[in-house]
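Labels A, B, C, D and E are assigned to the chains in the order they are written; within every chain, residues are numbered from 1.
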Amino acid sequence: GKAQKVTFVLDWTPNTNHTGVYVAVEKGYYAEEGLDVTIIQPSDMGADAMVASGAAQFGVSYQESVTFARAENVPLVSIAAVIQHNSSGFGALKEKNIRSPKDFEGKKYGGWGSPVEEATIKYLMEKAGADPSKVEILSVGTADFFQASSSGQIDFAWIFEGWDGVAAKLKGIEIDYIDLGKTDPVFDYYTPVIVTSEDMIQNNGKMVEAFMRATIKGYLYAIEHPEEAAEIFIKAVPEADPELIRESQKFLADRYQDDAPYWGIQKKEVWQRYNDWLYENGFISEPIDVEKAFTNKFVE
Amino acid sequence: MDWLPVGFSLAILVTWYVVVTWHDVPEFILPSPVKVIEELIGSWDLLLEHTLVTISEAFLGLFISIVLGTAIGFAMGYFETFRRMVYPLFVMTQTVPLFVLAPLFILWFGFGILPKIVVVFMVCFFPIAVTFAQGLVQSDSGMDDLLSVMGATRWKIFRISRIPQALPHLFSGLKIAATYGIVGAVLAEWVGAQKGLGVFMTRAMKSFRTGVLFADVLIIVLLSMLLYKAVEWVERIVCRNITNGGKIT
Amino acid sequence: MDWLPVGFSLAILVTWYVVVTWHDVPEFILPSPVKVIEELIGSWDLLLEHTLVTISEAFLGLFISIVLGTAIGFAMGYFETFRRMVYPLFVMTQTVPLFVLAPLFILWFGFGILPKIVVVFMVCFFPIAVTFAQGLVQSDSGMDDLLSVMGATRWKIFRISRIPQALPHLFSGLKIAATYGIVGAVLAEWVGAQKGLGVFMTRAMKSFRTGVLFADVLIIVLLSMLLYKAVEWVERIVCRNITNGGKIT
Amino acid sequence: MEQIVAENVSKYYTVPPEKGGRNHERLQVLTNVSFRVERNEFVSILGPSGCGKSTLLRMLAGLDRDYEGTIRMEDVDLKKNRVPVCYMLQKDHLLPWRTLMENVLLPAEIEGADLKKEAEAVRPMLREFGLEEFENYRPHALSGGMRQRAALLRTYRMRGDIMLLDEPFGALDEITRMQMQDWLLDVWGKHRKTVVFVTHNIEEAILLSDRVLVMSPRPGTIVKDIRIDFQRPRNRDMLLGSQFLGYKKDILASLG
Amino acid sequence: MEQIVAENVSKYYTVPPEKGGRNHERLQVLTNVSFRVERNEFVSILGPSGCGKSTLLRMLAGLDRDYEGTIRMEDVDLKKNRVPVCYMLQKDHLLPWRTLMENVLLPAEIEGADLKKEAEAVRPMLREFGLEEFENYRPHALSGGMRQRAALLRTYRMRGDIMLLDEPFGALDEITRMQMQDWLLDVWGKHRKTVVFVTHNIEEAILLSDRVLVMSPRPGTIVKDIRIDFQRPRNRDMLLGSQFLGYKKDILASLG
């Protein structure tokens, strides 16, 4: 029969977190499942509202974002963890000498303006015995890490190791990196994740299954053949820096699945821990029912 | 006070309310106006705090735009060569997508109030300068001739005839600037700031509080309309004499 | 062709180049113009592909804005009550931050070309409608009187006297619309799309290719200026007779 | 039969407050103006500058209904309805973006007549008006007198049996003025129109009119209604006769 | 001594292409105009409508330097420099947003004179001009004749020994016109100005002038230069004398 139209919304610009999906498109895995997938690049409002409202069927999000969404009764469900462990953290140019949360004191942090960042930094500094009131938190919005730090506007920022970290290496810029996932288990949450709506799962389960079958194939391919996957991605997204893609792809190949039994699996305790932390810090007024926030049904 | 648009707006609000409740539209797609008002009242103190920041940025930016816009608009009207030189460049600045440039402004000007003022200026300067220049350029040559026979210098011709005649134009530019001033500041904040309605907005958006987002937008709209009305009021006072009788030339 | 602004622009480019190479400014903060041109040539085919998408969105949006803007501007000039009713609302639409609303448009109108056209429309409609309406409203009452004595209906008075007299105003609105049309489409793409200069832009930005980003901005600026010049050209043809002699009234 | 009947017409303008900022004032411009004009009559109105002549003509054209008293034209109350007239304002009001010809074609255009035909009909008249070379000129490139003649020609092409002319020859030299006077008399005689003619030229008024109405200074009212008994067609020789001088003295006396 | 010397002045206008779209054409407006005006002389210019009188006055005012031939005023070549004159255009050119008084104060304002004093000096003249009540009116609320008088008053307040007047009395009734003529003669006599006066009224020209220049139709040139030998001060009785009629016939003959 005719292929079913499916819209997949990214979280931001295409990057190596999305390689599996691009591979599945290019290699025809979706077509085999009878799906015609369109990939959309959104603004920094992200994919959540679009997926929840049914404007798109699937999208990329983060555990944090799904938690906020569910706290506001937005019917979003995470159906796969793209990367097993949080691969983001705090980066700073070498000369800034920021190697642990202790060193945040007296420095300028450049973020995207979310209160969660502030709370995270505060939490880490307190834990390390530093004075959180001594860090200056600035919002740089869409300005990027390198621009902001080398122009002296900020000292450190929240970066993705597999992207900004790799880019730094390529540019020959030396940086220090504090892996957030390793600082405290609570911060080893899932980012990014693939999401869909409750409505899709209830009324269109077949499509979700088909979509995920193909997506899994895509990511497994990326895990096994990082070089080929990188080339496929570069072909699909020629606007990005090819060198950066290749290096980033190499970096991520082992981290998609990492120590998990299979790609995409999500653990309840990870969801519960972070949910509790958000609740304790007052970001959500009610703890959410984490069982409903994610499902492994489609990756098992 | 003209009640017609007020009534019309109310009608739209009611329709909005009815549609939203009737079709049971989820809040994150489109909150009902009642919800928006609730959020407005609920987050009042927080909103106020952010609003004050935005207002101060917008006002400073507008002030500078008005001063420089009028001055450069005048220079463009007065010096033909200057106009020919810079006018296409000014048009160009308007075709540059600001939401792309705004992050660079942060790099260039830091995180303080400066990049916000620059964005407001980029948005508001152009309409003021251009409308004023256009008003100054179109002239009644007979009147100019007469004044020059009276011994008026170019400057006096402008002061006596061209500037008054250009004032209604200038005010239409000022009204455009008033319309966009607040939005400009919000855009700048949205791209990177610590406080202000733009920051508040991104936060509301990220936490799916569309009701609060709309309350935020509502404040922006009300502020802008207030500014607009203020300019209109000044215009009425300043141009009363000029446009009296309905015809300026 | 006026070479003065061209020369002036070149001077600015040279200064830019000298400053960047002299101070050794890193590319990701401010690329040199040479680098931008290199990137423009290097990514030419890719840029072209995205450009075509953006152009088609902008043109469709502009077309609709021109048709509806002129029609509604006319209605506002013609029907006093209609103007009083909708004018404040139109002003309001301009004070709403579009970059906030644009994502909602996607929720409402889907991912196709529709939300892009809506954004372009929101940006371009207002200046067209408002300038036209303003031009229509200001009248030489003596001329209106004379025509009505000749038995002209209100419609004929508009056709014969008011519309020609409002044309220069309309064109100043059209020029504003031309200036903002492309940027509007880019903004809409930036908020969510598959293709187009806005998409290209964010991708370039996120892979730290500031040179490509500037090449992208350059295309946007050139396209907008081209559109602007096109409108100016049509204006010269249409208004030649009206403004001949330098004075319209 | 009377075609125009004005009875006790008074007119006030509301004047914007003075510099000092006092309240709005009322300026009385016309007071108890009453007169009648018969069908096919040629009536001139003379009066000091500012006495309300143009104001009165505006009322007759149906453009100003804000007055006391009544004006009836062809038995129509002008406060309620309009009657088509040929009206020429004191200012020329030519559309600056139209050529002379296009301006003259306006009445035809408004009536939806055939413009080609109308242009053919107008062209010989352009010659008669000394404007044939300037058919394609725009108003700003015409001299003051040429603009006035263009406006007059346009007025003539309007539909209506009544011509209301506000100083139509004010900007013309003596010779051109005479030609235009002859033309007007000819038109009036052939087409049997009713003419209300505001002028400052006493001789012109006597030469052309059946009756001359003399107005007082503002607030204007009609102080004298003089019947001119010269037979028609008239010629300029009568300008030297004693009867003519008598009329002239009479008018001058009532004017000043 | 001669204050104004015009020699072989010719003037062409470039006319925009006609509807048909032909090339730009040249319209000759003045051809070989030569005349001299002595200091304190009162010279009138008469000529058919469109012959180039306003164009010539624009040149004398130094506003148009695009002509052939030379014009010298007080030994200054007008193509190179300007001489301050009192100039009144055919259109009134009052600033619509200024009151009558503010318009009349314009020359003083431009010279940077004391406006209070100037207003005091102007106020009695407003009375003389029949405008005293309208000091605070804006032009749109004035009648045509009132606007013209305001423009004349403004012209009088300009600095310069030479007055260039383009049909200053065209919109005035006979009585007001006489008052204004008397006023002008008075000003001319007292302040010993040189006057170049464009008019359509032959009697007025004879009554006021030392010399009358008669122009031919376009392309205009001076076809007659008539010295009026009445003694001064003049009165209106001479209008009835045979010498006057002689002048008039003479002028009429050379006009058409």
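General remarks:
One rule holds for everything that comes next: a contact is a pair of C-beta atoms (placed from the backbone, for glycine too) under 8 Å apart; a residue touches a chain by one contact, two chains touch by 3 or more.
Bear in mind that the values here come from a model prediction, so they are computed numbers and not experimental data.
The chains in contact with chain D as well as with chain E do not exist; no chain meets both.
Traced through touching neighbours, the fewest hops from chain A to chain D number 2.
Chain pair with the most C-beta contact pairs: B-C. Ranked by how far their CA centres sit from the centre of chain E, the chains are topped by A. Centre-to-centre spacing of chain A and chain B amounts to 38 Å, using the average Cα coordinate of each chain.
Measuring from the averaged C-alpha position of chain C to that of chain D gives a distance of 50 Å.
Centre-to-centre separation between chain A and chain E, using Cα means, comes to 85 Å. The set of chain B residues that touch two or more partner chains comprises 29, 104, 107, 140, 190, 205, 244, 247-249. Shown for chain A are the residues in touch with two or more other chains, namely 45, 49, 53, 142, 144, 147, 151. Each of the following residues of chain D touches two or more other chains: 16, 91, 138, 141.
Inter-chain contacts, as defined above, occur between A-B, A-C, B-C, B-E, C-D, D-E. Within the complex, the chain D residues that touch chain C are 58, 61-63, 84-85, 87, 89, 91, 93, 95-98, 106-107, 109-111, 138, 140-141, 158-159. Across the complex, chain A is touched by residues 26-29, 102-104, 106-108, 110-111, 190-194, 199, 202-203, 205-210 of chain B. Per the touch definition, chain E reaches chain D in the complex via residues 13, 15-16, 18-19, 46-50, 53-54, 90-91, 99, 130, 136-138, 141-146, 149, 167, 170-177, 200-202, 252, 255-256. Put simply, chain B touches chain E in their complex at residues 140, 142-143, 145-152, 156, 160-161, 164-165, 241-245, 247-249. Across the interface of their complex, chain C is touched by residues 2, 4-5, 8-9, 12, 29-30, 81, 84-89, 91-92, 94-101, 104, 107, 134, 138-141, 172, 179-180, 182-183, 186-187, 190, 198, 201, 205, 213, 217, 220-221, 223-225, 228, 246-249 of chain B.
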